[in-house]
């Protein structure tokens, strides 16, 4: 089942939430809608589900215009962020809802429910009402309900948002396999970039009424379309420093704490302009004092974060930078240290517009301006 | 009825046996007194059936009545089987409590409902119903020999009562004038006189008052004598009903009227004369000194209940209320006595204003001829006599019934002085109001003014001047 | 809210006693009165000591009222039946009409929905007499005068806005997602309404129905103006004890007791809906 | 959405039903009420006429004259004053009392639940019958309240019969009948409030009076508004209690709108004045209810927004 959205516009009263959103999802693909809250992800999902009406635009599922097609006729399974379990039905009845709609026989319903419940490890609480379920169990019940009807399209609205960290971690591992097994086209909404990276075949980043970037997790991480996206992906957050590229004898350079960092010639377009330099914490690495181009920083504090360790340090100009390294890698833990960055691993953004400056697309960008 | 019962009843009608024998005989047959009365009347009805009138003309027709909950209604219902037997007609009825009865009548008639063919009413109400086109002039029936049975004897109905039910529809037009329309026919009527508690009077050496000043004095003395009670009961609720009984009877006795009718037919208020002010002052003072503490909510039934339970020493209200309160079930049963009353020491005779429960025919009835059969029967001499003798149809509206010895004896035995009181005041008894369409507005306002006077919210003279001014304004606005 | 302070406890106790006294005493007194004859009722000073009699209730139930003037027929039981029938039927129809409409206003925001909802509610604000008086004429013309059907229709004036207003609040409090979830699972709008919205708003509907029943039962003026004697409810019927031969205080009291009893029994039976059910957020948990 | 996209695809049926559904659902209720609206229009028409049923020959349009007459009609101003006094004193007292009782019974326990149900009894008593009860109790002859009043030295306390105490008496009856209504609404409201703010306040040792004013009361506002709305409207249209107690007397002390209009219609058969009075009453209630409902809806939206 493919899903195609064309020029979707949706406003609530005067508040425009989606303004000209277009998107297509291929059969069997998992597309993650990623973005901060209020970006319209949930609304978009509901438009596809048919429970909210479009103002303008077209939604097609498998080439069929969904205009006027009721939610129950769209062949969709959906899991809600707040679970939206039926409070007066027990878990079995909740999970069976898509099956009763298909007028399946009692035996078959029972069988299917149990199968899905086992898969999601909730077969021991099937007779509990939602009130009696833990958050994790509720989440799994909601997921089971979305899956039980074996829909061709699965809409998952941040299903892990309201569960604790441990469970979220587990589910992040489990879900991709589960979704693959379903062979369904999946749209998955999340605010968690790791979830997005882990689950998405592609990620659509939504922010401010529309989609800002669509691409594979790798693309998004490596070439964020703007400062915002760069900030949203990555933990710890990308280091952002105000810079103005200048011409140097070797081409284009940026001055960092008095040290010159020579960058790609493609950035020549930005010489003299106010830019934001983005350096991911892992792009920094500690070097010996006196290394060519090394920047002195004073180390403030250090925090181990599972598989990596993050150091917070201050530059000469009292700007904070974060440096991350694989856990266990040796590094100075106090005093002054020296760090260096590989010029290939930097991102440069226009300070005014926040847009990424792509060294490979110089001509086009200039042409557009 | 069994053959034996029938024979007894027929013998009684024919005058072969007396009432005592009849009741003895009936009791021997296991029949109660009230039932005996119905049986007797069945015999009387049979006599009626043979007077040559085509009683069966409307055989099979069904009519429906709207009735007020009242002993008169009970009498009517008790005798209904005889009417059905006589005519072969069926009679349905709705009975409503008096608190809401007239509102119900207004609701039914103003909507043009043909549900009810005839209804009970007072004469005052027909001043609205007649001009509004809700009830018919019954003269057309009364004087049509084809429609009315020969024994009906219209002239037998007491003249004052009969004429009080007839009005030509002109505001201020005299009741019972030659061009008057008979909007309703009396069932029975009430005169307003004194009912007093003889036990209390005797115990305290009180004499029966004979004028308004004595009334005030006696009421005060009696009030002081009764522990937790009061001297005199009169009505006081914010309603026309407060004006029409004792109050208006006394007021009229001083030669006062409610409205003046000018030569041009224009009506003007007449209640702010000096004589009226004097009477009002006395009346108000009497209530303040010795009336019921909650006088301003008193309608007839509080007035009656209180005298019946010994809470008050007397009342100046409907005589039949005294009659009922003297009956069994009341604490003071048998202790009440009756006296005609003239408020004005200089007046020749009492001038009781009267209330007349009567029957009207709905203009919306679809079977007026059949309805008239019922009306002439229920207001006819036989039913009147039955009601008077056997039920509580006091005071009957027919002179022939008042002449009936059995009725007079029944009254005199149980209610000494009642017949005498009636005979004294009956000649002066009639409706004392000026017939006009604003009757209820003006009397309600009058009652409200009395309430204010009693509560000392306004002095009597000032109150009456204001009332007169307001009445004139309303009359003027209504084009009267 | 934990009050340990003994003075406060005492004050609360006194307050609650006073409240109970004020609200319960009249009922208590009227019940006592219903077991007395006129004679003992009219005693002064009033006394609580008397020989109870069932006379008043017997008279009401058998419909035979013994007075000095003989036996009077009273139709109290018929009145009671009328009250019961009119209230029940009105509420039933009110629910059938009102609940779907309440759902539409709550869930399916549509053009003019607020205006229509307000209009419906504003019927509750029309003075009853304003509508009632002209209505007598129309009922006459339509042949609805003095029919149960006509009365039940007019009773909607009391019942419908109340149901709409309360039930609407309940529907609004059901998370929309719960209903969406059911629809997406493949169920039609109708099934969702039946299987999700109705059960979840159940307590609210019960509370609204109960309140509507009470208001219908307590109505006085509609039937008074529009119906003939055989359709009158107890509120009008109780006035019938005032007769020319005296007020039957004991019977009035018994009549009042009998007329409160059914609504009260209903309230007792459905109490959890009344107290818990009226809380507008009950379904959120 | 453009027409082209609709007609290009299959299910037009759904489109129609989805748009029509809410109308279809609310239509029966609306029609039922509109049927009752017809007489309302008739009443407007009547109110513009000189129309007294006992003088059919005088009937005719006088347009606004019935209304204009009110300007100089002291009886009308009295009616307005009495109605307002009655409405505001009953609602204010009932709110205070109802809130007080609800707070007393707030905790869920067997005793409180029992008491709250028992307190509903007056609400189950038809106002017309309740008035009858109170009339019996305040009867100066054998009424228990009159007796108690005399015991505390009020020998001659006349309750509804005395112009000075008539208003107080009917207000007491109204309070007796309707306070339970407010109590039950507020009790339901109190018990449905979220517990966290209160627990937090208790932990922080916030004074209880402060908690009441700053947390309880604001959160209870929607319930207070609903209760007030229904009560204000009913109380300004009071009929049953006053009519049964005093028929508007003593004097004109209690001639509230509906009583005055009722008497105008049924006793004076003055349909024109009666209708005009009721129209004014309707305008007042419409105005008041508008204020309440607008506020209520706004509050509701706000709370929803917060949630």
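We just call them A, B, C and D in the order they show up, numbering each chain from 1.
Basically, contacts are C-beta pairs under 8 Å (C-beta built on N, C-alpha and C of every residue); 3 or more make two chains touch, one makes a residue touch a chain.
Worth saying up front: this structure is predicted, and the values here are computed from it rather than measured.
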Most heavily contacting pair of chains is C-D
Most remote chain w.r.t. Subunit A, using mean C-alpha positions, is B
Per the C-alpha means, the centres of subunit C and subunit D lie apart by a whole-Å value of 15
Whole-Å distance, C-alpha centre of subunit A to that of subunit B, is 94
Chain centres from averaged Cα atoms put subunit A and subunit C apart, in whole Å, by 57
Note: subunit C sits from subunit B at a C-alpha centroid distance in Å of 39
Multi-partner residues in subunit D (2 or more other chains touched) are 141, 262, 265
The positions of subunit C in contact with two or more other chains are 42, 44, 137, 189, 236, 239
Subunit B residues touching 2+ other chains are 103, 107, 110, 228, 309
Counting only contacts in the complex, subunit D reaches subunit B at residues 52-58, 135, 138-141, 156, 158-164, 245-252, 262-263, 265-270
Per the touch rule above, subunit A residues touching subunit C in the complex are 46, 49-51, 70-72, 74, 76-78, 80, 82, 84-88, 97-98, 100-102, 131, 145, 149
Listed in rising order, the residues of subunit B that touch subunit C in the complex are 34, 69-71, 74, 77-78, 94-100, 103-104, 107-108, 110-113, 115, 228, 301, 304-305, 308-309, 320-321, 324-325, 327-331, 333, 391-392
Contacts from subunit C onto subunit D in the complex sit at residues 1, 12, 15-16, 19-20, 22-24, 26-27, 29-30, 33, 41-46, 96-98, 100-101, 103-105, 108, 110, 113-114, 116, 118-135, 137-138, 153-154, 156-157, 160, 164-165, 172, 189, 214, 217-221, 234-236, 238-239, 249, 252-253, 255-256, 259-260, 263-264, 267-268, 271, 274-282
Touching subunit C in the complex, subunit D uses residues 19, 21-23, 25-26, 28-30, 32-33, 35-40, 42-43, 46, 100-101, 104-107, 113, 115-130, 132-134, 136-137, 141-144, 147, 176, 179-180, 184-185, 187-189, 191-192, 198, 222-223, 226, 230, 233, 237, 239-240, 257-258, 261-262, 265, 271, 274-275, 278-279, 281-282, 285-286, 289, 293, 297, 300, 304
